[in-house]
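One structure follows; several queries about it will come next.
Note that the chains take the letters A, B, C and D in the order they are written out, and that residue 1 is the start of every chain.
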Amino acid sequence: MVPLTAFLIVAALLFCIGLYGALARRNAVSILMSVELMLNAVNLNLVAFWRFNTPAQDVGSGLPIGMSGQVFAVFVFVVAAAEAAVGLALIIAMYRSRQTVIAESADTLKF
Amino acid sequence: MQTVDWVQWLAFGILTLLTIGSALAVVIDRNIFHSALWLLVSLFGVAGLFVMLSAPFLAAVQVLVYMGAIVILIIFAIMLTRRLMGLTEALNTQWWVGGITAIVTFLVIAFVLFQAGQGANPILVREPIAALNGRGVEELGKALVDPAQYALPFELASVLLTAALIGSIVIAREDQ
Amino acid sequence: MIEALVNLGWNPHIATFVALLLGVVACASFGLIWFTVIGLWLVRKVAARVQDRMGPNRVGPFGLFQVFADLGKMITKEDITPQGADKPIFNIAPLLAIAAVVLIWAVMPFAKTLIGADLSVGALYFISVASLGTLGVLLAGWSSNNKYALIGALRAVAALVSYEVPMVISILVPVLLAGTMSMNGIVEAQHIFYIFAVPLSAFVFFTSNLGETGRAPFDVIEAESELVAGYNIEYTGIKFGMFQAAEFVHSFTSCALMAVLFVGGWRGPGAELPGLAGALFGFIYFFSKSMVIYMLLLWIGNTVPRLRIDQMMAFNWKFLVPLQLVNLLAVAFVAKILQPNYEAVRATAESGSTLGNIYRVFGPEFIADLPRAIALLIVNVIILGGVGLMIRNSIRKERASVEANRAARPPYLGRRTPVEQPAVGD
Amino acid sequence: MQQVNEWLFIGIFFAISWALPAAPILIGGVLGPKRANRLKRETYECGIETVGDAWVQFKVQYYLYAIVFLIFDVEAVFLFPWAAAYNQLGLYAFFEMLIFVGLLGVALLYAWRKGALEWT
């Protein structure tokens, strides 16, 4: 049986790779992809903890098996989808008005 | 029929290699379209890990939503904004700061994990999961609509999706 | 089979592996080879008969082995990679197109005991896997370095993803009625075939599958007259053949899925028998049901003219999706009010009264399902009536606006838009 | 552990499903002639010489369709567990889903009225 720690290490690696990408890439679409990687790492963490560490009885409802970890993961999917849709729409709008997709060139509001 | 331990480790190794390797390729590859394809492979690896964690529903959703929808959305966005790509440097001027941050973060997490692993509270396999065998989806459905559990977030998800759809249509549409 | 091998003195792990491998090879080769041979032959024969031709009749009996001749031809053709193509992606795309279709056969219940893997998320699994085929199209179009391929791919992807939405929602109806997502579970729950209870959902599923597999009248994916050939224009030889094979296998696969989800898959008299006999019966039922639906698909494909892409999108988003959403909610409402009470009916059947004897003739599950099925059918008819009224209204409105436009415009004027001449000499 | 075995089956199936089409392509690569020349490798546009590169600009309409598709796909993610558990739930589940689908119906209606579903 593969232990919990192994999954958590993988998730941590994935998260840090995503973090590096989000910080270092210039293209806004790349940054968004890195954020997706980070969200995936979070999901992996949630599901791994659900698999190994949920109490046998759900605290809130008293149901035999709590599904909290999976439910949280589903909500992360929703957030990821909403984020991708709106984020990419913003990038397209930025490209249309400024002819660029480089993240740091959108700095009009910076002072 | 018990699946052998080494089969599980083998599957875990392959999936980890897929996930981490292609995640690295996502952030390193200069061609943004290839980057998106590597993201695909990475997401597939995570789906496999979900299966190993006895969450097959999430694995299927991962393939359906992430690989089948979000990546297609990303590729469309790349095609729509492709005019200038490839002309510029892939990395910004502070890439080394980002790298150091990422490595330090990983070291901290790994340190904490090893600390926790050596503690007096060993993390064990939860047995009831075996009782869940095959009924995970139904349990998930019950938990989602149960007013005592996640009914409100469930409705809020609908609101979020509606807002995202309306917002992105307003933003992305060309002004007439 | 595993036990048999273990009894022969094999290591159980190796026995399991061998059994799995054999199962995989059987399922995959069955899905791919058998249906390419028979399916392609049928496609050609039917098309030929519709067009008053002979069709293939040279190679083998009735031209059955024409496919092998084609395979031999394609395999010996030169494999050209266009210049500027993204070579690794160019090569992966046809593989992905095939793999996405073949993977569906892993959860296909051929008979009660004859199923590759009865996953608890079977219905969701095959949708997810099928959605990967869209990516194959996108990759092919992108990597070809050709305007037509790219435009064709984008169009095809927009159409494919659109038609996935009504398909997913229509699959929810059998899942809801059966209360499970496992393919075998859905088949087992169909004491009354769902096509009789929820014909509208079956219609939506079939129609969206036509769009999803790119069959006429939704075949803009390979609109020869508009886009040369579509996304696979730059492919030659066997790689081109792979896209064709993927399309054919996918269309048969969608028919098999329809048979499983709405027409009861392997169900039929004798299919519940234990052992080989039941498997054989089940397989025959499953296969003949799929075949009937496949013939229906070919019939439609050869007789209906192609829709324009804008009509196709409007049909999907403004008709199929709202219709199926309403339908799903209506079905859910009825299914909640009239839940079949299997235990009570079974008890009556056991009791030995006259009523019980009648129940036993039809099967207690069938009787228990009957009220719900009839109510669902009535609701479906009501929805259909409403839809018909709406369609008639919109057609009338459309016709009036066209008439008004024609009346307002003087003949031969205002039709032509001035063509911008390119500047000469700069 | 039946479940795990079935996924193992899927894993092997996955490998085979890639090998199945790869084999004829490899054979075709060996059998087929290799006499490519510049003219043959040129982009095919019905014999007319290619003007400009393939990276033409696309309209945003494709993206709008993809967004609507994504949103409804995610909706399906919620609908599937609901449908699978539906027989074991009370009537409240129906009304919750009515609200859920109703909101998304409003979103679809908005996209419709805004012309996001028109192919122009």
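Heads up, the rule we're going with is that a contact is a pair of C-beta atoms (placed from the backbone, for glycine too) under 8 Å apart; a residue touches a chain by one contact, two chains touch by 3 or more.
The shown structure was predicted, so the numbers you read here are calculated from the model rather than taken from an experiment.
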| Once you count every C-beta pair in contact for both, which comes out on top, B-C or A-B? | A-B
| query | How many Å are there between the centre of chain B and the centre of chain C, using C-alpha atoms for each centre? | reply | 29
| CA centre of chain A versus CA centre of chain B: separation in Å? | 6
| task | Could you please state the distance in Å, as a whole number, between where the Cα atoms of chain B are centred and where those of chain D are centred? | result | 18
| query | What is the distance, in whole Å, between the centres of chain A and chain D, each centre taken as the mean of its C-alpha atoms? | reply | 21
| query | Among the residues of chain B, which ones contact at least 2 other chains? | reply | 1, 7-8, 54, 56-57, 61, 64-65, 68-70, 72-73, 76-77, 79-80, 83, 134, 136-140, 142, 144, 157, 161, 164-165, 168-169, 172, 174
| remark: Multi-chain contacts in chain A, i.e. residues touching at least two other chains, fall at 74, 77-78, 81, 84-85, 88-89, 92
| task | List, in ascending order, every residue of chain C touching at least 2 other chains. | result | 16, 119-120, 124, 150, 154, 157, 161, 164, 179-181
| task | Answer with line, ring, star, complete or other to describe the graph linking chains that touch. | result | other
| remark: The answer for chain D against chain B in the complex is residues 1-5, 7-8, 11, 55, 57-60, 62-64, 66-71, 73-78, 80-86, 88-89, 92-93, 96-97, 99-100, 103-104, 106-107, 110-111, 114, 116
| request: Mind listing the chain A positions that touch chain D in their complex? | output: 74, 77-78, 81, 84-85, 88-89, 92
| field | Sites on chain C touched by chain B in the complex | value | 2, 12-13, 16, 86, 89, 119-121, 124-125, 127-129, 131-132, 134-135, 138-139, 142, 150, 154, 157, 161, 164, 179-182
| request: Using the touch rule from the top, collect the residues of chain B that touch chain A in their complex. | output: 5, 8-9, 12, 16, 19-20, 23-24, 26-27, 32, 35-36, 39, 42-43, 46, 49-50, 52-55, 57-58, 61-62, 65-66, 69-70, 73-74, 76-78, 80-81, 83-85, 88-92, 94-95, 97-99, 101-103, 105-106, 109-110, 113-114, 116-117, 123-129, 131-132, 136, 139-140, 142-144, 146, 148-150, 153, 157, 160-161, 163-165, 167-169, 171-172, 174
| Taking the complex as given, what residues does chain A use to touch chain B? | 1-10, 12-27, 29-30, 32-34, 36-37, 40, 43-44, 47-48, 50-54, 56, 58, 60-61, 63-68, 70-71, 73-75, 77-82, 84-86, 88-93, 95-96, 99-104
